[in-house]
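Each of the two complexes below includes subunit A, the first together with subunit B, the second together with subunit C.
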Partner chain A sequence: MPLAQTATSVPVTIDDAKCIADKGCTVCVDVCPLDVLRIKELADGTKTAYMKYDECWYCMPCEADCPTGAVTVTIPYLLK
Partner chain B sequence: MTAIFEDFSDIDDLAEGLDDPSPGARIMAVIELADSADPDAIPHLARAITDTDAGVRKQAAQALTDFDGPETAAALVDALSDPEAEVREAAAVSLTELKDPASGDAILPHLGSQDEFVLTACLAGIKELRRPEAMEPAIAALASPSQVVRVQAVGVMGWLQDEASLPALCGAARDPEIPVRKAALLALGFSSSEAAQAALAAGLQDPEWQVREAAAETLAKSGGSGCVAALTGALADDFWQVRLKAVRSLGRLGATGAAMQIGPMMDLPIPNLRKECAAVLGELAVPETRRFLDPYADDTDPDVRKNVRWALDRIAAA
Partner chain C sequence: MDEILDGLTQIDCDILVIGGGTAGPMAALKAKKKNPGANVVLLDKANVKRSGAISMGMDGLNNSVIPGYATPEQYTKEITIANDGIVDQKPVYRYAEECYGIIKELDSFGIRFQKDQNGEYDVKKVHHIGTYVLPMPNGDTVKKALYRQLRKARISVVNRYMATRLLTGEGRVAGAVCVNTRTAEFLVIRAKAVIMGLGAAGRLGLPTSGYLYGTYENPSNSGEGYAMAYHAGAGLANLECYQINPLIKDYNGPACAYVAGPMGGYTSNAQGERFIECDYWSGQMMQEFYDELQSGKGPVFLKLNHLAEETVAEIEKVLHIVERPTRGHFHAGRGTDYRKQMIEMHISEIGFCSGHSASGVFVDEHARTTIPGLYAAGDMANVPHNYMLGAFTHGAFAGEDAADFMGEVDFAEFDLADVEAERARVLAPTKRDDGIPPNQIEYKTRRLVNDYLQPPKVTAKMELAQKRFAEVREDMEQGMHVRDAHELMRSLEAASILDCADMAAAASLYRTESRWGLYHNRVEYARDDENWFCHTLLTKGADGRPAHEKREVQPYVVDIAEDEKDAYYKQRVDASVAAE
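Here is the complex of A and B:
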């Protein structure tokens, strides 16, 4: 699996302002069947989810189950 | 999902998170309470569904999907009047997941609601609980100007399967709206009474094909002597979808007398219909229909070929 070391254009993006990972939420990480999401600590000490491995199936539960609507999955045009 | 892997604290400890000043922390408390799958969490979730934050209320409405009983139902019914649409919709979805008939105690008083959304959600919620007390309010709801209310009202009667609802269902089968007529005809399947048969036969003459399709499908469940003649007439319908259901119903009824009308339909250029005709001709196993099947043993459609060969084997063994 390719490892994203820096911020790149990935299909799953998380709105840090909405993400409640620092409250202990790991819903998106738990529901991902490919286990490609992780929680990271930001510079200000808060936590947020991010896409660590670029292997998305576009199955969507991370977006659908996020309790705050912080996750967005961008589906490539040809898959729509 | 994670309940079996985590060592949860006492429910009251988890519920303390509902008092956290951060909405995100309160959402997490709701998720943890839901994951506990402990019925003791219900009162806490019922409190969370009245939280000041809409996100927390929505999460609580979704979390109550995993629970059942009058207390859960009461909290969800209250949430149907929430100022936020996302909370109302989550509560309406959770209401349809209730399975305990006792949950109906909290829904029944709201079956006379003047609010279209509340009434629709309550009718949808009480449907599968099969509470006989829901019959009268459901019949009254057929007078609603809203077609979604009328469809749900018909659904309640369909689940109750009580002959007392037949006049109302037969009336709904003549509703001006297609979804209501279709739902009413599908709901009539439980009855083999003359009234139900007449309504279903009349449904086969409906100007809308979706309604005729529902009538053709339901006639097989209703049964009765008049069904075969009505369904044989539907074999000439303009829409192949109606013909397909009529063929399938004739097969279920074992209508060997209709086999010679079904046979020539193998020549129609619609693979779905040929597949169904072949299956039904196999079910009926009338030797004279072999000549309709023989030319299609090597049909271009694999499903048709499979059914034709199976039908020919059945006829040969008959």
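Here is the complex of A and C:
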């Protein structure tokens, strides 16, 4: 069975301007109980965290533990 | 990250603790304290800093037995009555005797409990009979405080490894096979004793929102503990006694009547009328809740809008900071203000969780399972209505007993072929070029759980469920496909969820009576004390399918008088009272 790509909106957003992944920070990636966050490289070569997998319990350690306040957790669309 | 790598490492330890949420850290600490020379490994598929049911914290102790407020006898009696008498009292009584010591220990870790002007614990009454609820104003610090203790005690913490199967040999536990959730590399851990604290089966039913992770429980608690215990040959008790919880509709988090109740909030119907006398959860309370939802008086609400501004503000402060802090975002998004509107409630999808209910891996008062050297504590062990303090306290029992056990034995020999067979099972979905992704296997399993297993339970529906589950299992074993290590973790979770679904159906069919209110409401059968005043024990049969036996309820430590037995059945507010 071949796979399709179905779009989904994600509840965790990162403010790239505040994110310090470029300095080696991975706090949000480390604390997520569902392990859904990752670090990616932006077009200008700097790094930022992002939500790679839409598997969120909207529990908030990523937002609470982020040292620069770059992470915002919202309620997933299906239940908000 | 997430690329699938080939690799296998083996390490040895004296005590392996699987699960770093609540019970696990306490078990590790107590084992190390009792035997400082022991090599204790604490393993978690997430990060111990923020793993488990209390990832963000907890708003209070729901079952504290504090001298001056409650006695072990009274608590044991209350829990026995709330569970229709099907309780081995020894583990409950031991908990009730020793949990106060654990509270003081948690206090010394820096976790604060509410005190009154005289410096006494400010315990509240929520249960039908006794007084056990102790608020935790800074409950958001629990995980951080625990982590500090783990570092101090030099516990070896292994994060992002998921245990997939237990190893056994010589009639006892020998270790576990684990896989890295970001690289798919294997880790075989030999251990003299293994303590399981893997939490609830929280991803069994599908939430009404349809969002796979919008569960009541932390969705990382996907039932691996039950599945691993089953495949290792341990007994699981009373799995037909599901967990079903009252919750905030759609948000699916706790409504927290335990927090709001002592301050004047209560559960009401659409007319704003109280319909249950007591908001403490039991099967019968859930039945009344369900009946009200189905009736013309539904839906059901948490009512706070009659309270004074200062009271509402205080409730808000607790509920929007501790345990599930996105609750505030949710209400804001819908324009719900506790001062003006009532909060719509519903009931949760089904799950297994002794924290609120009563089923799980069978344990005695030392947290020993039916396999020597293997322990279980917290939401996955069968001590009823355990909540967070039960997880801590029984985790302590497990750690202390395991510290003794490991001193008497060497590593048990196991069959290397078991490791190879497990590697082949785990990696099968990585060997296919395409197929069915784990999220579809999981969605279908959980949708079928809702269609056919949710109470009220009907024999023909549950038999259909078994047929459909067998088809999904065939698809999973022959056609599941994963693209990276993260999806591999999800595929293993999907397999555990399917195992739990099979066990839920089999256990529910075996007990041919109704018991525990809504939890095991079998519409074709009435309660039958003559034949079913017993535990049911589920094990893996010789044919690889669930096998069942009855197990006697152990003689009571605390007697229950004939006129006390039905206290929890008198839940519904009398019509004449409700009208006043």
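By our rule, the second predicted complex is superposed on the first by the 67 of 80 C-alpha atoms of A that agree within 3 Å, B and C clash if a C-alpha of one lies under 4 Å from a C-alpha of the other, contacts with A are read in each partner's own complex, and residues count from 1 in each chain.
Definition applied: a contact is a pair of C-beta atoms (placed from the backbone, for glycine too) under 8 Å apart; a residue touches a chain by one contact, two chains touch by 3 or more.
Only a predicted model underlies this, so the values are computations on that prediction, with no experimental measurement involved.
In the superposition on chain A, contact is made by A:W57 with subunit C only, not with subunit B. Residue contacts after overlaying the shared chain place A:P67 against subunit B, while subunit C stays out of touching range.
When both complexes are overlaid on chain A, the residue A:P76 reaches subunit C alone and has no touch with subunit B. Shared-chain residue A:G24: touches subunit B; no touch with subunit C. Contacts of A:E41 after superposition on the shared chain: neither subunit B nor subunit C is touched. Once the two complexes are overlaid on chain A, the subunit A residues touched by subunit B in the first and by subunit C in the second are 30.
Within the complex formed with subunit C, the subunit A residues making contact are 1-3, 30-35, 38, 52-53, 55-61, 64-65, 73-76, 78-80. The touching residues of subunit B, when paired with subunit A in their complex, are 1-2, 22, 24-25, 27-28, 30-31, 55, 59. Residues of subunit A that touch subunit B in their complex: 20, 22-25, 27, 30, 67-68. Listed in rising order, the residues of subunit C touching subunit A in the complex are 1-2, 46-47, 49-52, 55-56, 160, 181-182, 207, 209-215, 218-220, 250-252, 324-326, 329-330, 333-334, 434-437, 479, 481, 486, 489-490.
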